[in-house]
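Going in written order, the chains are labelled A, B, C and D, and every chain counts its residues from 1.
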Amino acid sequence: MTLPAPLTGVVPPVCTPLTPDREVDVPSLIRLVDHLVEGGVHGLFVLGSSSEAAYLTDRHRRLVVETVVAHVGGQLPILAGAIDMTTPRVLDHVRYVTDAGADAVVVTAPFYTRTHPAEISRHYRLIASRSSVPVFAYDLPVSVHTKLSAELVLELAADGVLAGVKDSSGDEGGFRAVVMGARMDPAVSGFSVLTGSELVVDTALAMGADGAVPGLANVDPHGYVRLHRLCREGDWERARAEQERLCALFGMVHVGDRARMGGSSSGLGAFKAALYLRGVIACPVTAEPQVALSAGEVERVGKFLAATGLL
Amino acid sequence: MTLPAPLTGVVPPVCTPLTPDREVDVPSLIRLVDHLVEGGVHGLFVLGSSSEAAYLTDRHRRLVVETVVAHVGGQLPILAGAIDMTTPRVLDHVRYVTDAGADAVVVTAPFYTRTHPAEISRHYRLIASRSSVPVFAYDLPVSVHTKLSAELVLELAADGVLAGVKDSSGDEGGFRAVVMGARMDPAVSGFSVLTGSELVVDTALAMGADGAVPGLANVDPHGYVRLHRLCREGDWERARAEQERLCALFGMVHVGDRARMGGSSSGLGAFKAALYLRGVIACPVTAEPQVALSAGEVERVGKFLAATGLL
Amino acid sequence: MTLPAPLTGVVPPVCTPLTPDREVDVPSLIRLVDHLVEGGVHGLFVLGSSSEAAYLTDRHRRLVVETVVAHVGGQLPILAGAIDMTTPRVLDHVRYVTDAGADAVVVTAPFYTRTHPAEISRHYRLIASRSSVPVFAYDLPVSVHTKLSAELVLELAADGVLAGVKDSSGDEGGFRAVVMGARMDPAVSGFSVLTGSELVVDTALAMGADGAVPGLANVDPHGYVRLHRLCREGDWERARAEQERLCALFGMVHVGDRARMGGSSSGLGAFKAALYLRGVIACPVTAEPQVALSAGEVERVGKFLAATGLL
Amino acid sequence: MTLPAPLTGVVPPVCTPLTPDREVDVPSLIRLVDHLVEGGVHGLFVLGSSSEAAYLTDRHRRLVVETVVAHVGGQLPILAGAIDMTTPRVLDHVRYVTDAGADAVVVTAPFYTRTHPAEISRHYRLIASRSSVPVFAYDLPVSVHTKLSAELVLELAADGVLAGVKDSSGDEGGFRAVVMGARMDPAVSGFSVLTGSELVVDTALAMGADGAVPGLANVDPHGYVRLHRLCREGDWERARAEQERLCALFGMVHVGDRARMGGSSSGLGAFKAALYLRGVIACPVTAEPQVALSAGEVERVGKFLAATGLL
C-alpha cells in the first residue's frame, strides 16, 4: 500500500516471538500481529530494536517481514527496519524487505565504524536513491552512539531524502526542533515525526508529533491507541492519566536483576514475559546471548500487568 | 592449517581493495597479499576493521576470504573477522569463513544492543562451542562501546573458550594484565595476546605480547617484520628507532580534513592511498558512505611515504 | 524568608554580569534582578551554570549572593548554587551563601572524582545535615557526567534530605518518574520538581512539574512567566504558541562559530549579548577562558530578539 | 628551588593523611614525606588526584602545601596541583600554592563547563602568564572528560607556556607522540613528559619519557625508584620484573566491593590502608563522601603487601 504522508498514530515496533530453540515462532507472531491490529494500531514496524532485529539472522528477518506482510499487508502500513552497520550492508536489507512488500524502511546512521555528519548525510542519500519505498531515519543514540541533529534531519527532509523520523533519542529539545522545523517548512509537508518513547507520548503529541512507536504497545496496544485518541481530541487531562498508567506499566522493564543481565535482557524479556502471560505468544524466550528472566522476575511482570488492569 | 599456539609475530589486518564501482578488486587483493607475504608477515587477518569489514556485504566478505585462502591458505595462518551485532548473526559469518578455510575467527563483544559482562561471556562460549576453529576476542571499544576486562578475557582463556585476543583498546594497563595473567596461568598456555596498535608494538612485545595486528603493516610490512625481529633479538634501541619511523609514517591517518570526513575515511583512505601510490593496488577508493581524500590530501600521504623511505 | 514548599513557578538562573576586566558588575546585576522581578518571576537562582558559577572565584560568588539578597531578599525566594567537586568543598560554599541569606542551596552530585550512587547519597545526606536551609539537587549530566536516578532522588526526598530537584538532564522519562513518584508518595509532599530546560517548559508543567529554571528567562522573563500562567490556566494551545516563540528565541545559543569556541561560550555569550542589546547590562563579556562572540555573531543575536518581538 | 628542566625521575603524587574527623593529619603527612624522601624519589607532587585534592577544602590544601614545603622545600622539587574548574578559580589556587613555596603548578583543562581546544589553549596561556612558577598540564580524561591532544600540548610547549605534562590518559599512542614531538623540536628542550600510570612506567621510560608520577609510589617508593634506575641503566629485563611486581601490588586498588563504593573509594582507600598497615600514617580514613573499606577489604590489602615483600 502507499504510505500515508505523514504517517500518524500508533505504530508498534513488533516483538519477534521465538521458539525454545530460537527459531521465529510464526503462529505466535501472527497472533501478536492480530492482537495489535485488534488493538487499533495505525501501522506496524517490524525488525526494529524491540523486535530484537540485532539478534535475528537474515533468514529470520526475511521470515518475519514475509509473515507480517502476508498476514496484514495492504491493511496497515508496514515499516521494516534495515538495521546494519553501513550503506552497502543496509542496502542488502532494504532489498529483501521491500521485495517482501514492506511499505517503508527504517534506517539508522552508520554504527560500529567512526562516522561524521557528512557521511551520515551521504548514507541516507545513497539509500534513498536506491530504495523503492520511503526511508525513515531511526535516531537511537544508545545503540548507534551518534545523535542525528535536528538540522541534518530537516535538511534531509527538505531534500526529499527522508519521509520521516523515529526519534528514540530521549532528547525532547531536539525532537521539538524537528517538529517545529517540519511544520514551518512547506518543502517538508508530509514528513512524519514519530517518538520512540513509551513515557512521553502525550507531550510529544502535544508538541505536534505525528505519532508514536512505543515498544510497550506490544503489551498494551489498546492503551496507546486510547492515549493517541485522547490527545487528538485535546482531552489532555484524561490523556495524562492514561499515559501515567502506561508509565507505571513500563516499570516492568526494570524487573531483571542488573547484576545478572543487561538492559535489553531485562526490558525485552519483560515485554515477552508480559505477552506470554497475556496469552499472546507461546514462549517468552529472548535471543542469544540475552539472559532469561527468573521465575520470580516473570512473576513481578505479572504484578505490573495486574496493577494496570491487564491481567 | 593448524593455528600455531600461541600465534606470534606480525599479522596484518588486510585492507580490502575495491574497484571504482565498489566491488572487491580481486587482482589488487592478491597483489596486496603477495606484498604482505613477501614482507615476511606471520599470518593474515582478513575482514577486520582495517579491511572495512563493517562496509562489506556478505557477498563481498565471502569473496575476500575465499580469495585469500585460495591464494595463500596453508602457507600462512589466516584469521577471519566475523563482525556482527550478536551471537546468531556472528555464527552465520563464522560458518562461511570457516567453510572457506579460515584457520581462526575473530569476534567482538555484542554491539548495537545494550549488553552485560554475563552476556558477553555467554556470547563467546556459544560461539566457541559452535565454531570448528579457534576463536579470538577482538577488543575494540571505539567501535563496540564496551571494553573487555582483563578478568573476563583470562577467565575465557582458562576455560578454553578463547585462543587469543586482539587488543585494540589502547588501554596498556589492561593489556599488560592480560599478558601477565596469561603467562602466570598454566591453564592458558598457548593463549595468544596480540596488540592492535600501530604505535606501541615495541613496548607491547617488551611486556611479553605474542604479536601485533597493525593496520599500517599493509603499507609497510617490512618495517613491522623488522621491528618484530629486533624486539625478539632484544635490540631495544634499534627497535625503538624502527617503531618511531613507523609512528611518523602513521601520521598519514590524519591527512583527511576532519571538517569534511570522519576518522575512518581519513585513516583507511590514507592506507589505501599509500598502497595505491606504492603500486600495490589499482584504485584507492573506500567503501560508502566514506568520503574520499582530496588530491592534495593524497599528495600529503605521498610525503609521509617519501619521508620514511617508502617512495 | 521561608521557602514555599513546593517552590513553584519561574525561577531564572541569574546571569552574572561582568565588567570588561572580569569583575562582578554590581550595578548591572541589580538592573538584571530588577528586570527579572518586574517580569514577574517567582524566585531567583544565583550561582548556577547560567550564572557562570564555574568561572567565578569564591570572592565573586560571595559578592553575587550578597548583592542579590541585599537587593530583593525577603521579597522573593533566593536559591544559591554551591557548585564544587565534593562534600567538604560544597559545605564551604553552603556556609557563605547561607550566611549571606540564601533561602536554599542547589548542589550537584560529586564530579571530577569517580563516584557511585552510595557516595552520591552520602554526599546529599551530609550536606543536608549540615545546611541550615533546604537543599535542592541539581541534575546536570553534561557537567557532572553522572545522572541522578529517579529512584535515588525519590529516596532522598522521602527521607527529608532533598527539598526539590532542578532537572537539566534532558531525560524526560526520568523527569516524569520523579514527578509521578513525588505526587504518589505522601511522605514527599512539598517536594519541588523543576525543569532546567528552556524548550519543554509547557510539557514539563503538563506532566505535573512545579516550575522551571530556564536560563533564557534572563533574556525574556515576561515570556516564561506568561507561559507558566497559560499552563496553570490549562490554556495549552496558547501555551504551546508562547513556548514555540521561546524555542525560536533560544536559537540564539547557536550563533557562536563552533570551530572557534565551545557551547558555553556560544550560549552564555548569546544570553549576555541579548541582555546587553536589551539595555539591561552594561557589558556582554563572559568569564575566562571563554571566547567572545564576534560583532557579526552579536548582530545575529539581535536578529533573534527582533524576530521574537524583543527589540 | 629552581625546577630542573626537564624534571626527571619518580615524583609521587603525595597522599593526604586525614584524622578520624577529616582534618589533615600533619604528623602523618610529614612521616609520609620522609618515607618518600628516604625511598629516593626525585620530587613530590602535592594536591593531585591521589592526594584527594578534589576533596580538600582550600584551608586543607593550603595546610598541605605549607607543611610539605616547610619540611622538604629546597631539598626536592615540589609540584602542587591547582585543581579547579576554570581559569579564574585555578588562578586563586596558583596564588596560594606559590606563596607557600611550590616550585611548579599542575593544572588540568577546564572541567564541569563545556569547553573547546581554543579555550583550553587560552586557559593555559592565561595561567602561565600569571604564574610565577612553571606550569605543568595534567591530562586526566577520566576526571576532566577532555583529552589534551598531542598537538595542543606540543604547541603550548613550543610557545613556552607549558614546562611539562603529567599524562594520566592511558593513551600510549598520544603519549608517544608527545615524547617524540618534544624530542624532535629544539624549541621545547627542557620540556618534561611524565607518565601518570602505575603500570607502564618501564615502557614509558623506554619510549623516552622523563619520569613517572605513580600514585602507588606512596606505598612502595623504593620499588619505583629501583624501576627507574634499572630503566636508566638499560637493564630492561630486571626493569620488567620490578614493574610486574608493582603491577601485582597495584591489584590492591580493586579490593573494594564495587556494589558498595566507587573506584576512588576503593583505590585511594587501598593506598591509605597500605600506608597504615606499613606504619607510615596513623589512620587510613578517606575524605567524604567516599565509602570506607571493610575490615576484610583492608585485610586483603595486607595480603597484597605481603605477596610483594612489603609486609
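Criterion: contacts are C-beta pairs under 8 Å (C-beta built on N, C-alpha and C of every residue); 3 or more make two chains touch, one makes a residue touch a chain.
A quick note: this is a predicted structure, and the numbers were derived from the prediction, not measured.
When the partners of chain B are compared with those of chain D, no chain appears in both lists. Among the remaining chains, D is positioned farthest from chain A, on the basis of C-alpha centroids. Rounded to whole angstrom, the centroid-to-centroid distance between chain A and chain D, based on C-alpha atoms, equals 49 Å. For this pair, chain C with chain D, the centres built from the Cα atoms lie 35 Å apart. Touching of two or more other chains is recorded for no residue of chain D.
All chain pairs in contact, by the document's touch criterion: A-B, A-C, B-D, C-D. For chain C in complex with chain A, the touching residues are 170-173, 176-177, 180, 197-200, 202-203, 206-208, 234, 236, 240, 244, 247-248.
Here chain D touches chain C in the complex through residues 22, 49, 54-58, 60, 83, 85-89, 91-92, 110-116, 118-120, 122-123, 126, 142-145, 258, 260-265, 287-291, going by the rule given at the top.
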